[in-house]
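Given below, in the form of structure tokens, are the structures.
Across the two complexes that follow, chain A remains constant while its partner is chain B and subsequently chain C.
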Partner chain A sequence: MADTDSFLHLARPLGPAPVGAQPSTAPLSVVIQPQAIFSILDHSLRRNPDQERVIGTLLGTRTEDGTEVEIRNCYAVPHTETAEQVEVDMDYQKQMLALHLRANPREVLVGWYATSAELNTFSALIQNFYGQQGDGTWPHPAVHLTVSTVPGQDIEARTYISAPIGVTAERAADSCLFIPVPYEIKYGEAEKSGLELISGAKDREDRTQGILTDIESLERAIQHVLDMLERVSNYVNNVLDEEAEPSSALGQFLMNALSLAPKVDPADIERDFNNHIQDVLVVSYLANTIRTQIDLSNRLATAALTLGTGDALTGTGGGSGEGGQKSGQGERRGKGRGGQNRSNES
Partner chain B sequence: MADISKDSPLRAVQVEALVVMKIIKHSSQTFPTTATGSLVGMDVNGTLQITNSFPFPTVDIPATDGHQDSASNLAAAAPRAKANAAYQNEMIKFLREVNVDANNVGWYTSTSMGNFVNVNTIENQYHYQKEMNERTVALVHDVSRSSQGSLSLRAYRLSPSFMAAFKENKFTTESLQKSGLRYQDILVELPLTIHNSHLLTSLLHQLPSDAPKEELPFPPNLAALQQDPNTPQPPLYPNFDSLDLSIDPFLEKTCDLLLESIENHHTELNNHQYYQRSLGREQAKITAWQQKRKAENAARAAAKQAPLPEDEWQRLFKLPQEPSRLEVLLNSRQVEQYARQVDGFTASVSAKMFAVKSNLLPGE
Partner chain C sequence: MPAPTTTLLIEGTFDELVDELAQYIDNLKKAQGDESSDIQAECAQLIQENKKDDVLKKLVTGSPALNQAPEKEFIAAYNLLVHLIKQSPNLNMFLPRVCQNLSSPIQSSPSNGAGLALSILSTVFNTLQSDNENRYHVFLAILRVIRGSSNFETLKPQLKNLDQWLVQWEMDEEDQRKLYLAVTDVASEVGEEEQAYQYLIRALRTIPSNEASSEEARELSLRALKSALTHPSHYDFQDLTDLDSIQALRNSDPVYFQLLEIFNADLLDDFNDFKDEHDGWIEAEGLDSAALNRKMRLLTLASIAASTGQARSLPYAHIAKALQIPLLDVEMWVIDVIRAGLVEGKLSQLNQTFLIHRSTYRVFGENQWREVASRLDMWRNSLVGVLQVIQNEKANFIAQKEQELREVDAKMNGAGLGTQQSYRKQRRGDGEADLE
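Let's turn to the complex of A and B:
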């Protein structure tokens, strides 16, 4: 995303502001979850054609001391902007916030986003709205996230908090100082599999990707590992042939990596391997056996047995009884093997 | 799985990346409680494009162990609750204002180990398919399988024949014989693809994921190499988690679930046997009564008296109600789901195991 900037915060005297309404300007760090970014990009695509930028509200969590903010969710807020004035649908913002809080009671309002990197008077106005007392994030600073979505250029994100600036009292509402703060985009373990699929589509013309089965994703992963091994072994061969420049650090690193391979007795491996493969196959076999049994039981229960006309009902009764006995056997077997499995595992 | 019939209005489901992320986030946050939410989007020439989603509000219940089940039940029943219908309408009204496709196209649910074929799922989907329109789907996200490597997200609909049967709520042996409905035909799976927007594609291309192509200077020592900022992050794609070799937890869980299913099946069969027995008893009683009445009538005819009516037994005896076979059907479908899952697991895990073995024991 954006280049990793470094940030320096200097304490400085604060400008005149209403006493007691001073939001904290302590530096904080921001963590953004990918789904918030995705949502902002989606909103940016759905803006009205005459709109330069769109804004929305950021939801997330804040640590107790307020030094770390995690942006987890966001929603769009309609607004209109002309050269002279900006209008944000406050009512919409309030009601939408209430709706979101009902579904995610743990998330709180943390700030707002805009889909342009520009900071102007209107930004300050909106920023002050989000940071105000009552409906805003006060006493914590409101986080402002800008995501530039200019076509043909890199998507750049920036995060800011604000401080009041020393101007006359009547201009205090539409002016503030945006202080850049560092941010990170982090994804959780659970999201990894989703991101894998999503980024799998990035090189495709139609930007789509079907769901992969386990075995397909395994194949791709192995293919990738093989490519990497190929690259390393090429380099090592080149060094041996004195074609590439050797490096002791790389050598050491490779040595360390190779020494991670466990030294196990072949007999142990053989035994563990056999135990586990048997477990896997038995469970697979059992599952399919049970499926067949239940299928059979269903078929017997609903099959139209034609032993004379009046016997149809009693005939099916016998059928389902038989099925019951059969799956009863399956159950006993299942229990026995299941127990055996667990004793193998321990 | 039955093929999608030709008259089905939907042929495929296309899910926006945003929706995938939202569902994953919501599901993993509430795990192990079931998470449910609503999907919005539109139908374009038989392909259902799902472009946004939002979760249903949760009901606050003290998170003690005893209450976990009921919280899960409430969440699972959420899509057809009245309060949530209002919530959903309100949310969609607001989403329309910011140019989101404001059509409700279904709902999503989270599950663990494919354990989702139950009455709740069916009733929810029935609720949607009956009231909204034909073009609604259920997305099922399997949290525990996704954590093992590849994402498990599937789209299902109820088949027309099942819809008809469920509408009349008739799942007796007779009606099943007549309609030929089998457990394989309950759910129809739709092919699902993931779609990225242009902006997202551009964002993904910005994320460094591959090894740098140009020549890098050699690191002076090992410590410098390990702290090198140029070291690429493990790429998002492919996901190396799928190389992980963990076998036992999966097998254990599958065995547990299978046993549970068998027990359910057994209970249902016992119910049926009980029904058959009581039916038999009642029928025997009726026959006895009828014979008695016949003998009586014969006696009365001999005495030149008017015969008593012979169909009075319909008032006197009540035949027991046949228990619904719906539970059996669903249970069978669930077992089928497990069996498929195990097959898939076996395929990949045995490949991995043979690879590990030949790696550790070269030359054998």
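Let's turn to the complex of A and C:
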């Protein structure tokens, strides 16, 4: 997501403070979980064709001092917008919020989203609705998240909080100042690699992508590292050929990164490796011996069954230790006899 | 897609809003006993004559009264004023005045005054186009407020955009220097020495090479040099020696320059020679001799660690000799130098040696680049090997799979035959057994 905006966020507007605490103007930051963005995009895809943008409620958590807001979840709220007026289904919003709070009381109302980067006076109205006392986020500022969803362009997200504007109460009611605040979209390693895999399908005709096996992803990772190494060594070679400007900070950094491998003697490695391989060999030898033993006894047991002398049959039928022994004896006998017979015959 | 520039959303015409604000300012003034103020009427008159700029001038002149507005209304009222003056084509005329008003203390809110002022100033800053050079002046005003309230923490995360802004504003070098120095002052006042030093260096970089020996450049360079020398955790002097203005010190202040050279590349012995040569100079210049000694020892240890080459180990005795310390203290010094981040490694008490994993090169020359290149090559070669092995194994695996498939097929075909044979054998065996 492109983030080329330059803005300064130094202080949030002075809000009413909870009892016993000093009101503070400490700046605010927003963390967005990707699942919220996904459901916003999904909502945007399912909107009516005549609707410019759709809105919804953001749920999440807030730190105790209110300086960090984390957006975790969201749901759509139906609304209609015409040139003159905007209508938001407030009952729906209230019911949904109550249901969500019952399901997950820790995720509270933090603000609202709109699927267009534009801000207008309706935004101000809705913002004031979400930030109001009672049903809104009061005493904390409501967070407004805009996600641009113009097809074919990069998705851009922005977050705002609001400050009042105007010196009379009527004026302040339907207007506000949006203050841009910094945000961060946080996703984990697992989510990232999953998304990478899914996005691999977008360049293919059939829009499918097979799941990579471990070995394939290892191969791919090595390729990736090799590409990066190629780039770095190109730079280093350029420096050596005096084609690129050497940066000692960069060199120092590379050197540090490259010397992260601990210093070990090759002789030590060989010795340790040999010790280890001997252990492994002993283990595998023992394992083989045991396997042979098991194989052998299995074969002996089955052989008794097929030969089927009287006492061997009863032995296996009983299944007791004694019987097993007997059957073993029977087998041996049987086999021995068979062998004798065959040798006699031949 | 650029960010929306209008973040001030208010309904109502210019005239109505002016009227409201004027009335508000009048009320504030009257509350303080200034009965004569009648901006509202004057503004109304000017609006009749359609002189918007004059109206705004009246409002801005009256705006110091806003500093007395109650906390809760302050932001709302000021935002309105910002909104109004933004309508004017002559923005430049009003902004300095507004910034000045905001930089002065806000009487109504002693504890949150700075926060309020900062919030308005950042609104002004944000509503200006990102390449508008007025942003520079607003930013300076912000720095003033921050300095007055020692609020550097809030600014710190935002400073990373500074370079980009300066490019956008197309500031000349003088103004850039002024800005960097302002940041330096703010940072050093709250004890952020490292940040202060970084911005001082940047300020020095803005000095063009033909002015490198000017008096101003000399003062700044000396200041940077001194703070680098005495800073307890700054060990990299290469960025300093690269600067033209520092090189100019070679002529104006040769002793300082000599000291810098020693700290940049030389060892403790050279430093001691320097002290003998310029006896009492360090104390006379107000530099902390003990701190310098300590720093020099750490740097010396880093140097000898870097010069061990492939062996990558240092006997204790060698360290003790180079640092001129008793053998017993070696481990303490090594731990210090590891903590300073100059070297990484292990102490082997049994062998009385220091095994080095990584060491910082004080001068990063061609040899070091070669070393980097060779290590990169080594890494790449081994990775290529690993990749080869993986690919081979994969090919083997596939081949094996095919082989197995073929075997299964073959078994399926020959299955009937095979079982019959064995069955026959079995029958024969049974028959024999019966015969017996």
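Worth a mention:
In this text, the second predicted complex is superposed on the first by the 188 of 346 C-alpha atoms of A that agree within 3 Å, B and C clash if a C-alpha of one lies under 4 Å from a C-alpha of the other, contacts with A are read in each partner's own complex, and residues count from 1 in each chain.
In this section, a residue touches a chain if its C-beta (ideal position, glycine included) is under 8 Å from a C-beta of that chain, and two chains touch if they have at least 3 such contacts.
What you are looking at is a predicted structure, and each value in this text was computed from that prediction instead of being measured.
When the two complexes are overlaid on their common chain A, residue A:118 makes contact with chain C while staying clear of chain B. The partner of chain A that touches more of its residues, comparing chain B with chain C, is B.
In the superposition on chain A, A:220 makes contact with chain B only, not with chain C. By the touch criterion defined above, A:230 lies against chain C but remains apart from chain B after alignment on the C-alpha atoms of chain A.
When the two structures are aligned on the shared chain, A:297 is found in touch with chain B, with no touch to chain C.
In the superposition on chain A, A:134 makes contact with neither chain B nor chain C.
Of the two partner chains, neither chain B nor chain C is touched by A:49.
Put simply, chain A uses residues 215, 218, 222-223, 225, 248-249, 252, 256, 262, 334, 337-338, 341-342, 345 to touch chain B in one complex and chain C in the other. Every residue of chain A that touches chain B in the complex is listed here, in rising order: 1, 33-35, 37-39, 41-48, 54, 72-73, 76-78, 89, 92, 95-96, 99, 102-105, 149, 154-155, 188-202, 207-218, 220-225, 228, 231, 245, 247-250, 252-253, 256, 262, 264, 266, 269-270, 273, 276-277, 279-281, 283-284, 286-288, 290-291, 294-295, 297-298, 301-304, 313-314, 316-317, 320-321, 323-324, 327-328, 330-331, 334-335, 337-338, 341-342, 345. Within the complex, the chain C residues that touch chain A are 1-4, 6-12, 17, 20-21, 23-24, 71-77, 79-80, 83, 109, 111-112, 115-116, 118-119, 121-123, 125-126, 130, 139, 142, 146, 154-155, 157-158, 161, 164-165, 168, 238-239, 312-313, 344-345, 355-361, 364, 366, 368-373, 375-377, 379-380, 383-384, 386-387, 390-391, 393-394, 426, 429, 432-433, 435-436.
Residues 14, 16-18, 20-22, 24-25, 27-28, 37, 51-52, 54-58, 60, 87, 90-91, 94, 97-100, 143, 146-154, 173, 176-177, 182-183, 191-207, 209, 211, 218-222, 224-226, 235-243, 247-248, 251-252, 254-256, 258-259, 261-263, 265-266, 269-270, 272-273, 276, 279-280, 325, 328-329, 331-332, 335-336, 338-339, 342-353, 355-357, 360-361, 364 of chain B touch chain A in their complex. Of all residues in chain A, those touching chain C in their complex are 4-14, 22-27, 117-121, 123-124, 148, 150, 153, 156, 158, 160, 163-168, 171-172, 174-180, 182, 215, 218-219, 222-223, 225-226, 229-230, 232-233, 236-237, 239-240, 246, 248-249, 251-252, 254-256, 258-260, 262-263, 306-307, 334, 337-338, 341-342, 345.
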